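Below, subunit A partners subunit B and then partners subunit C, in two separate complexes.
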Partner chain A sequence: MKKIFVLLLRPFFSDRLTISATLIIILFVFTATFARFIASPLPYLVWNNQTEIDIPRSPILTAVFAKDRNRLESIRYRQLVREGKLSALFAPVPYSPYETNLDQILHPPSLGRFGHYMGTDNLGRDVAARLIHGTENSILVGLVAVGIALVFGILIGGAAGYYGGLTDLLLSRFIEIVICFPTMILIMAVLALLKPSLVNIMVVIGMTGWTGIARVIRGEFLKRKKTDFVTAARLSGASHIRLIFRHILPNSLAPIVVMAAFGIAGAVLTESALSFLGIGVPAPEPSWGDVLKLSQDYPDIAWWLTLFPGFFIFLTVVAFNLLGDRLRKILNPREQ
Partner chain B sequence: MIRFAGLSKIFTSGKNRIHALQNVSFDVPQGSVTAVVGESGSGKSTLARVFTGLYQPNGGYFAYGHLMSPFMSQRDWRWLRRRVAMVFQDPYSSLNPRLRIEQIVSEPLLIHRRKVHMNRQQRRDRVIEVLEQVGLNSDALEKYPHEFSGGQRQRIGIARALVLHPEVLVLDEPISALDVSIQAQVLNLLSDLRHKENLTYLFIAHDLGVIEYISDYTAVMYAGRVVEYNQTAELFRRPRHPYTMSLLDAMPSIKKIGQPFKALEGETPSPIHPPPGCPFAKRCFRAQDICQQEMPQPSQNKGGFYYCHNPL
Partner chain C sequence: MSRYVRNRLLWMIPTLIGIVTITFFLTKLRPDPVAQMALGPEGLKDTSGAEQYLEELRRHHGYDKPIWQQYFIMWKNVLTLNFSTSRVDHRPVMEKILEALPYTLGLNLITIFIVYLISIPLGIYSALHDASRADQIITCILYILYSLPGFWVALLLLKYFAGGDYFDLFPLGGWRSDGAEQLPWHLQVADLLHHLFLPIVVSVYGSFAFLSRFIKSSFMEALKADYIRTAKAKGLNSRRVVYVHAMRNSMIPLVTLMAGLLPSLFGGSVIIEKIFSIPGLGKLAYDSVYANDDTVIIAEVIIAAVLTMVGILLADLAYAKVDPRISFDKDEAH
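What follows is the complex of A and B.
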């Protein structure tokens, strides 16, 4: 473990940009994980309850476990606080991503208590809350899609590189055929046939994104299978499975880690594009591209609908690209 | 005893047929060190790779124990794999950089666990035992290959080869990638192990000094053919093939200080279009007309043989 730190982590953290990129990614993952505690109409703490309603001490925590979650969520805490019947400590963004308010359509960003820090959309929903809850979908699409792409890329590219010959010829042509499809059109066609659900989007982005990984893995396998340590294992009588998973694959992972980082950035972008085109994560579910889509309809008046989701997408893509670039440099000693 | 009989190997690349081995026949007596010497491209590594099953020969066969190469089942190959191990030339590429030394050396035990019957602790003990045999101690177990020098890595490679108590080691230029100071150590180690473990060596080399030191029998290869084979002492005392002679002449020696090296002129014949006659004819200082046209027949010579029309 110590060796891993010295070899990998030290050069990694010697660069400020990389540290920032890592922090941004950690922040987004944290946001995605704890979205319901960051943007929620339920208060953290409640005291001084002068109403008839039974409110637990910490509605936000109780709602996680308790059965009367719906009742807790239906209480209008902000209203009660404004009327002075309740004192409460709220989450940083005291709104739900689904909560519409037709009195406050397309309000620009406002600060202060119960302000909409990033404005509201055409249904009066808080943009900040929608972006924070959308982080989960966007990051999840990125990670799962790349995960699917990795599995397919490694299996198909690995088989082509390891077995060579006719297998390689057929699989390589298959990879080239898949590359030739215009990805975006293919995804749109598939999503038009299936329902555009979160799972379908992940699968479709994953199924079109494996070709680059497969080609790199194929090249790595072609190169590694001829190395002496693989020959040595083969001469000891090692099985194909053992040769592939113990000797060849672990030594071919470096470029894959890099491609995965770039792939996540690409998948987040694709998901946003799909949402922007209206075939992304389905309607009430928030995602970054979904907020961005609304900006099409109000380009002159609602700049906040463009700026904030755009900034989130930009940050993620840049962070993962920086990370990928840095990993590439670390894992390829020649570039150091 | 290993017997190579009429082995030939042709590689095809595009339309070209590359004759890497042509009619290679000689014996490796049980318990001997038999060296195969020749310049690069002479087919000596190809021979090792045919014997270890990495390449299928296009003609001829080899025999070991009760096995003959064209009639070997999967089970026979596994039998052979437990008895024949290989040590590689480059100690840097022959160890998996992601595995610890214990994992590297114990891998053959794990692969053949159905025949070896060892539990984890017994495997570990066996690994420690072979590591000590090659001059490393048990501290090495948890380390990774990059923590060792070239010489130490080669010892680890030898330990991996020894772990199954093999009968034959195929050594593919085991010391030529090492520093000169380390070469002697590894050579001495190999020489000791051979007696202690009762091993037969098929020793591939291009350095005649090394061969003179370690080997009992020597096969000289040129352009895919064995041109001369004999007991090493006899071969060095009285080479019969002009190519063997040229090799010996080119050998650096302290007795020859001040004399210029007798370098061979010309190049080896193309392996794609091997000449009809003796492959060495174009460079040979004793060549006659017949040498260009006809491949010489083998001539017996004190337990060995050579292929030459006009021997020394």
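What follows is the complex of A and C.
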């Protein structure tokens, strides 16, 4: 086991690009997980309370763990701090992704305390907060959609490759039929007939993205089925299920991991494209593509609406693609 | 060869059955399409007469018939290429699709042509100068291009190169200028290219990486082949060996790659056509989704799938034509 790690990890971290890609992905996952702690109008800590209102010590923790969230969020902590009635330690981005402010519509990026680091949109919502919370949707869609695609791809491709014969013929035809449907048009049609929601988007992207995986898995299974160690296992009486999941599948993991990395990049891109077209996660929910969609309406005034979300999407896609590419080289030394 | 062609053509029948059946299941995703279409999701259920109106609508669109009958109606529509009328402007659906088709087809053909035109020399150059500084820079640039989201690039290009705030070089969108049909033909072509330049740039750049990488590895493999060594040993000019002997054989797989590009091109055109307001299939799909126009969406899914199927078929046949070994292998495999 130790040897595997040395073999895998040393080439992996010997390259600066790969390290940066991994760091970007870690940052991306971290941002998604802790979005509500990174961008929140609620302070971490409160002291020196000179108001009559009963304010908890740590509003952000109370909001996460308490039930009556509304009461807490209706207090404008920023206002109290500005008036000097309260001292507080805020999150790095002291805004909520939903909070509109009609006094500050299309405000350009500004630094400093309570600044809008990435500007505001047409409703005065803080773009940085929206992008940070949008990360959550992006990674959810990316992971779940690719998970669904992997399950379908492995089951269908695996069955075709393992059983061969008529099963292979039928399943291969089925894969070829599904390939004929242009993904984007199919996704749009399904989302038009169903209601666009986070779950529907994840399922649709997953259900349209498994064909490539199935083809590779089929080839992989065809190849492995004839190897000596599988024959040996079969002769010693292993069942089909055991042969598939214990012997063949673990040996086909390399292409699966590579395709998962590329798949996540693709799914993140598709999700933002759908939000950009206005059929992504429903309206008040933040999403990278949604911010980019707004930029279309104000191309001359608001450069920050184009620059930041596009850059976020680009960075994520490039990181996952790089990772996939690198993994392919490491796991498939023939190509090097 | 002829047996392969016949088999390949016969296989289209089950594929078509599959396409129509899957699309039919798609239409059943919405529990009551007519009710949602006519009254919105919540509906005006309590309004007097609403029930009767719905009943009429259902009958008009054929939802009152049993499921198997609806399935055969869909088949009839597909085989006669007659998909009733749009629910928005009541024009025949086929008419709308035929109107939009040339734009998408034209855009995609130009895109494929340019992708190949640029990727092939890039791939060959990279293969001949493998792991050199230039090769690394090319790979890096192609990589970045591959990961740039198309709609973002489109927005940036529109902002900086069209409209007038920075460089007023290109029109903001559309297919041709007003009154262009009165110009002499060469100016019409120029006008067309002027309009299409940005959309083509956006739809082209993402495919370079994939294709040129493929060409590179296929070319490098060809350079290692025995017949290349023989040709060199014979004392042939090394330029001739590279550009004639190796190139011919490494270009064969490119034919099938075209088939792989087709579905993504049809799909990718949704965003490009929407941003640059080109009235093609993608724009039509987008508009129909927004207008809840089920008949158009469904017809378009079928037409796009059938077109892709035919494209893949043509690519396969071309492949079998240029490489006689392949058709034999393929028949064996099945």
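Throughout what follows, the second predicted complex is superposed on the first by the 334 of 336 C-alpha atoms of A that agree within 3 Å, B and C clash if a C-alpha of one lies under 4 Å from a C-alpha of the other, contacts with A are read in each partner's own complex, and residues count from 1 in each chain.
Simple rule for what comes next: a contact is a pair of C-beta atoms (placed from the backbone, for glycine too) under 8 Å apart; a residue touches a chain by one contact, two chains touch by 3 or more.
Fair warning: this is a prediction, and the values are worked out from it, not measured in the lab.
Peer 1: Do subunit B and subunit C fit side by side on subunit A after the overlay, or clash?
Peer 2: fit
Peer 1: Looking at A:273, would you say it contacts subunit B, subunit C, both, or neither? Reply first, second, both or neither.
Peer 2: second
Peer 1: Quick one: classify A:194 as touching subunit B (first), subunit C (second), both or neither.
Peer 2: Once the two structures are laid over each other on A, A:194 reaches subunit C alone.
Peer 1: Angle at subunit A between subunit B and subunit C: what is it in degrees to the nearest 10, using CA centres?
Peer 2: With subunit A as the vertex, the angle is 80 degrees.
Peer 1: Given the touch rule stated above, what does A:233 touch, subunit B (first), subunit C (second), both, or neither?
Peer 2: A:233: touches subunit B, not subunit C.
Peer 1: Which holds for A:183: it touches subunit B only (first), subunit C only (second), both, or neither?
Peer 2: So A:183 only meets subunit C here.
Peer 1: In the superposed arrangement, which partner chain does A:300 touch: subunit B (first), subunit C (second), both, or neither?
Peer 2: Second partner only, subunit C.
Peer 1: Under the stated touch criterion, which partner chain does A:242 make contact with: subunit B (first), subunit C (second), both, or neither?
Peer 2: first
Peer 1: Which of the two partners, first being subunit B and second being subunit C, lies in contact with A:287: first, second, both, or neither?
Peer 2: neither
Peer 1: Taking the superposition on A as described, I'd like to know which of subunit B and subunit C A:138 touches: first, second, both or neither.
Peer 2: In the superposed model, A:138 contacts neither subunit B nor subunit C.
Peer 1: Looking at subunit A, which partner touches more of its residues: subunit C or subunit B?
Peer 2: Result: the larger residue contact count on subunit A belongs to C.
Peer 1: Applying the touch criterion given at the start, work out whether A:250 contacts subunit B, subunit C, both or neither, answering first, second, both or neither.
Peer 2: first
Peer 1: Nearest CA pair across subunit B and subunit C in the overlay: distance in Å?
Peer 2: 6
Peer 1: Residues of subunit A that sit at the subunit B interface in one complex and at the subunit C interface in the other, please.
Peer 2: The answer is that subunit A has no such residue.
Peer 1: What residues of subunit A sit close enough to touch subunit C in their complex?
Peer 2: That would be residues 169, 173-174, 176-186, 188-195, 265, 269, 272-273, 276-279, 289, 292, 295-296, 299-300, 303, 306, 309-310, 313-314, 317-318, 321-322, 325 of subunit A.
Peer 1: Mind listing the subunit A positions that touch subunit B in their complex?
Peer 2: Per the touch definition, subunit A meets subunit B at residues 3, 227-229, 231-239, 242, 246-247, 250-251.
Peer 1: In their shared complex, at which residues does subunit B touch subunit A?
Peer 2: Against subunit A, subunit B makes touches at 52-54, 77-78, 81-82, 84-86, 88-90, 93-99, 107-108, 111-112, 144, 157, 160.
Peer 1: In the complex, go through subunit C and note every residue touching subunit A.
Peer 2: Checking each residue of subunit C against subunit A gives 11, 14-15, 18-19, 22, 26-27, 29-30, 33, 41, 143-144, 146-149, 151-152, 155-156, 158-159, 163, 165, 263-264, 266-268, 270-271, 274-275, 281-282, 285-286, 288-290, 292, 294, 297-298, 300-301, 304-306, 308-309, 312, 334.
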